[in-house]
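Chain IDs A, B, C and D follow the sequence of writing; residue 1 opens each chain.
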């Protein structure tokens, strides 16, 4: 029977890496013997296991080994990463390796090299000259680039469950509407402070309900206090934000009285038209037309705002990027340095952002609808912790806690 | 063609009573001629219409007339109400009239008499001797009682849509999670103050999530401030309330840290067992065992608490009523004087209460799940306004607004 | 007091146009006297009302009149439509009139002219030379075009509630998961047959869950039977459709066994890569690579497929339109002749399509999540009837009924 | 440092028992050394581990050991179970052990004895004379009974994840509305056949939406085919079932046309009144009044029906049990021999049944609303697999598959 010896190290017990590895081996019809195992005896000490994996045939063994890589297993006697050359722009070699959003390394000349710009579902391009590797989406592949194929020489660092329960417990799972959420909001506030103290950037992904519910003022407040470095959204959030700044309404509803304003359904179009007429949001601020709101504060405080259009857009508002690949490119650039992401009342842009975020970014999804969180997790953003609650009251509580 | 002349009066235009009446007539295959119509020209002035209704046959005419009664139509030349005698305890005469939850009158000896204790889906019993009429549930019918049958001599006062938009708009429809809710909460607070100023009672129907989310303290606060006169709930709300008072947990989760406490899943059983051992909640307070929480405050402030058991109960806690008919009876009595009902995170008890409430009681249903509101409306509690939001943050905001 | 005489005609009683008009007048502080009223006495006969509307001042009167236009009111002594000239490409005159999705007419030289290409939230451009008027989105406005402003000379034909209950009742309201849906599905099938018998086109808007649930085969079947003329969707539906055709999986789940296939999470990228490599879906069919599925059947049966990209896309698949304005343009063209729209398990594309559909198109939204239907209605697509049910079982039942 | 040696055996690796045990030890501040470990090398072979557990103090050690029992850990040198005597009817000794729904054994005179009638959240009563132990709810405790206290001499057999993926995979997790459900329904049908082939009973817990959606006919069909031995429900299911049998409506909606029948809102009261008048459902069948429906078929085919009342009930229908403790008692008796439970469109009765079911019963929860499944799991019925789909279409598919 063919066999290979693999090593696993790190918090492989607390993070259930080891049992999951065993699981995979047996599920796929293989077997294993534990050659060596050392269990870390304190919270910070890591563990180590060396297993001999056997399988009924080579094909099964390869299948098992490729899966074990997802858990960080390393072949004791491994090879360098394999590559193939791109022969058509925007088309990958057929056996291309598709990434996860976990920290990943490739073996070049016997050395493990970190893959830069890691995100979900992209290819890895090798820059042999500089001994570097980086993630690249399919449509950006260019003729002549070397793309990683197969499974050799790749290792993935699994998501390690945090041991310190007190501070991180929430980040491990979702908080249903039946649990105490004020505590969780305080913990999120604490993590935001911590992130800022270390100069990490905080990303907010915002859906238009933030404006409809009158919660835009809390986001504006968070911007002024320095808790927002990047904003992702679409045409709707900026349109209704500017509608509320110009006319006091959102989708025609007066935000002070909650009443539908006669003729107010036109207001979002009037807002777009006004900014289109004046040319840009910057000019609207310079001329004194726009004096408040999320967009206003963001520009005043150098927040990087990336607005990606969508098929349901009116207008659109100047500044909204209509080409989807271009918008993704802008988002990728804006994500550099982001260490925490808070997604509120947004489905489309939350999923889009989830696709681009490395799993190491602390991610919180706030929505009334549990299915948004489920959808994100189903699409691979397993690190996203869901908070099933009201966006408006969440933001109010968060802003109060941070002030 | 058979015909009858009917009259409609009141806010029949603003409340759409008149067009709905026309609708019914034509839907059922009848026709009408407007004999007289006077439209009120100010917000407080009422309108009047006299219609001649015709139908292809007597049966259709009767059908139409019986439906029109639901809109408050009165036959110009009407009869007294008809009755039949109960011949078996708990069984109604087969042609019994089944009530709506709207204010209803019956014609006795040519005079319109208000039906007392009106609620949905009950029979009307006539007390000829005293010229009175009152609602009575089927199982309480006793041999010899006179029960209203057919449709003659009955008139229902339709639900009148409020004209004063500013203060009541919310009570007309549901507030989705995409609308501004802080405004609505302030309006609810204002109505609570108004209700109390007029000495009306306020009923809270509470589900256990109120405790699980740590929001019990806000309800306790509202009790102390005099905004709660009646509480309906089940075994779960009292059990977890007392669990949190005795052990600081709810369903075993520490309400200060949000963490699952080891062995804490037993705490709700320990709470029940402790109170069973001591005999009653009153004795638990007297002996100093129970010192805080909703139950504690309710007993200290003479709030009427009716707890109806259910099939999923552990224990149950002393004071929970196990027999469903007895529990309904207690609830009916406790509802006297209630002018506002706030139902939070409760499905079973909210629907049960909805069944017993006259449509004239201002009713607010607060739940994360839009389907709870839909279910209530589907079951006839159309007057219930839904607020789709988080129970915990709702109660926090409400308590702050009222303090 | 200023006054105007208006006329309303059509099914103004059954459709509640008249009471809603009264409502508006009184809500805005005006008053009215009924000068003449004729009520249609059969299902097909229309009604007529002439009202004298008075208001405390000219401004209020104008406000009321502009709102009454939404109900089809016509000023007895009205003016021609007013226009202003576009002075900047993509920017409308500031007082531009914003359309609803209802059939609309404008008065040119004393004659009522239908507005072509009506949809929600667009401007009306007047072609004086040809006596024509048509809807146009803001970003397509070109310098020199005459755009309708203000409220004069515009009339909107309100949505008339169907009187024939039997066949259309469903189309008036949503069907909750607690009602019998097989009946409704049979009715939808009947309407599809009727639409096709009159050569009307049927549009399907499809979300990727159609493929994930294995229901793609039922859509393919409906295409073969001639019940699908237009398909709207995004990158996901085509990607997973082709993934399932090439690899038998959707998002890596084997559609025959329901099991996650090892390495299957790559399959959707492999599918995109394969088609990108070959150049287009057409070529994939020609070369025999693609032999089944929705995309295959659509191309074989000349179904017009418009795929609009979104910010969350991988790839994208060749044929997906990345520029949002271009995609909307394609969708607008494809909608010509569409008389029925069935939207299944799609939020983004359903809302986008709702924005473009005239209210006269029979629209059914099928989703497990009631909030999708709510969102559509909140955004103005009030004609959309929601069916809260399972997409997979819905399509199975529909395909069986139509075979 | 205090220490104890424990043993774990069974499918402790595939079922993640071992890593979870390690987790608990380290989470609570203890440590462990693996003294012996044997890993089963085939699907059926079990594994074994012997660990030396150490902790900083005796209290922590005891805490850890009591938690490890939940995973089936056995102290190498263990004691007999400890008990205390009931001193007040319906009140347990204060240190009573509260059960899980997992198979449980207690050590009596050095021998492991199975606890009979195991269910969640009950006490264990020891019958020393007969060397037996059984589960008993708090309110049934009688003076003089010996009740298990503390954690000594108790072992719980953890839920073992099935290794044979093909047939059981579904039973491990929920199926979202975005996955293929027809496959799952076929698997449920297969398991029902298997259960019946082994003479196991199948329990259906039914909510009234089964009738409202017209799906009662499929349940009736399953009864006739012998796939239903026990039915749990409430007043609503029987009332609407009989309403539909007598009048063709459910909540007043005609099940053939889907239309609201004029006056039909009375029909459920008329149905209750008719059966109350005749005395019982049996007599209604005997006299020929009741000729079809779920209730009819159930009585004809000796299905055990337990109907538990609730606070929202009208009537109630004869046969509905009003006292909650009595109803639970009936349900407990009816559960004997039940090996599979299918809960459809029921929240209250599903949770109540979940409380009473041993974890070994295969349990499927079918509901449109994912929160029902979440609630069940939150309350300890972790073995329940949720199928998020439409009750009506589910039952149709299930009945077709089984015919």
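The criterion applied here is as follows: a residue touches a chain if its C-beta (ideal position, glycine included) is under 8 Å from a C-beta of that chain, and two chains touch if they have at least 3 such contacts.
Computed from a predicted structure; not experimentally measured.
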item: Label of the chain whose CA centroid is most distant from the centroid of chain A; value: B
item: Higher-contact pair (C-beta pairs counted), C-D versus B-D; value: B-D
item: Intercentroid distance (Cα basis), chain D paired with chain C, Å; value: 46
item: Centre-to-centre distance between chain D and chain A (centres being mean Cα positions), rounded to whole Å; value: 39
item: Centre-of-Cα separation between chain D and chain B, whole angstrom; value: 33
item: For chain C, residues that touch 2 or more chains besides their own; value: 165, 178, 371, 378
item: Residues on chain A engaged by chain D in the complex (per definition of touch); value: 13-14, 16, 18-19, 22-23, 26-27, 31-34, 37, 39, 41, 43, 163, 165, 176, 178, 370-371, 374-375, 378
item: Chain B to chain D touching residues, read off their complex; value: 28, 63, 66-67, 88, 90-92, 94, 96, 98, 121, 137-139, 234, 251, 262-263, 265-266, 269-270, 272-274, 276-277, 308-316, 322-325, 327-328, 331, 347-349, 351-352, 355, 369, 371, 378, 380
item: Chain B contact footprint on chain A (complex, rising order); value: 165-166, 169-170, 177-184, 209, 212-215, 253, 255-259, 345, 368, 388-394, 396-397
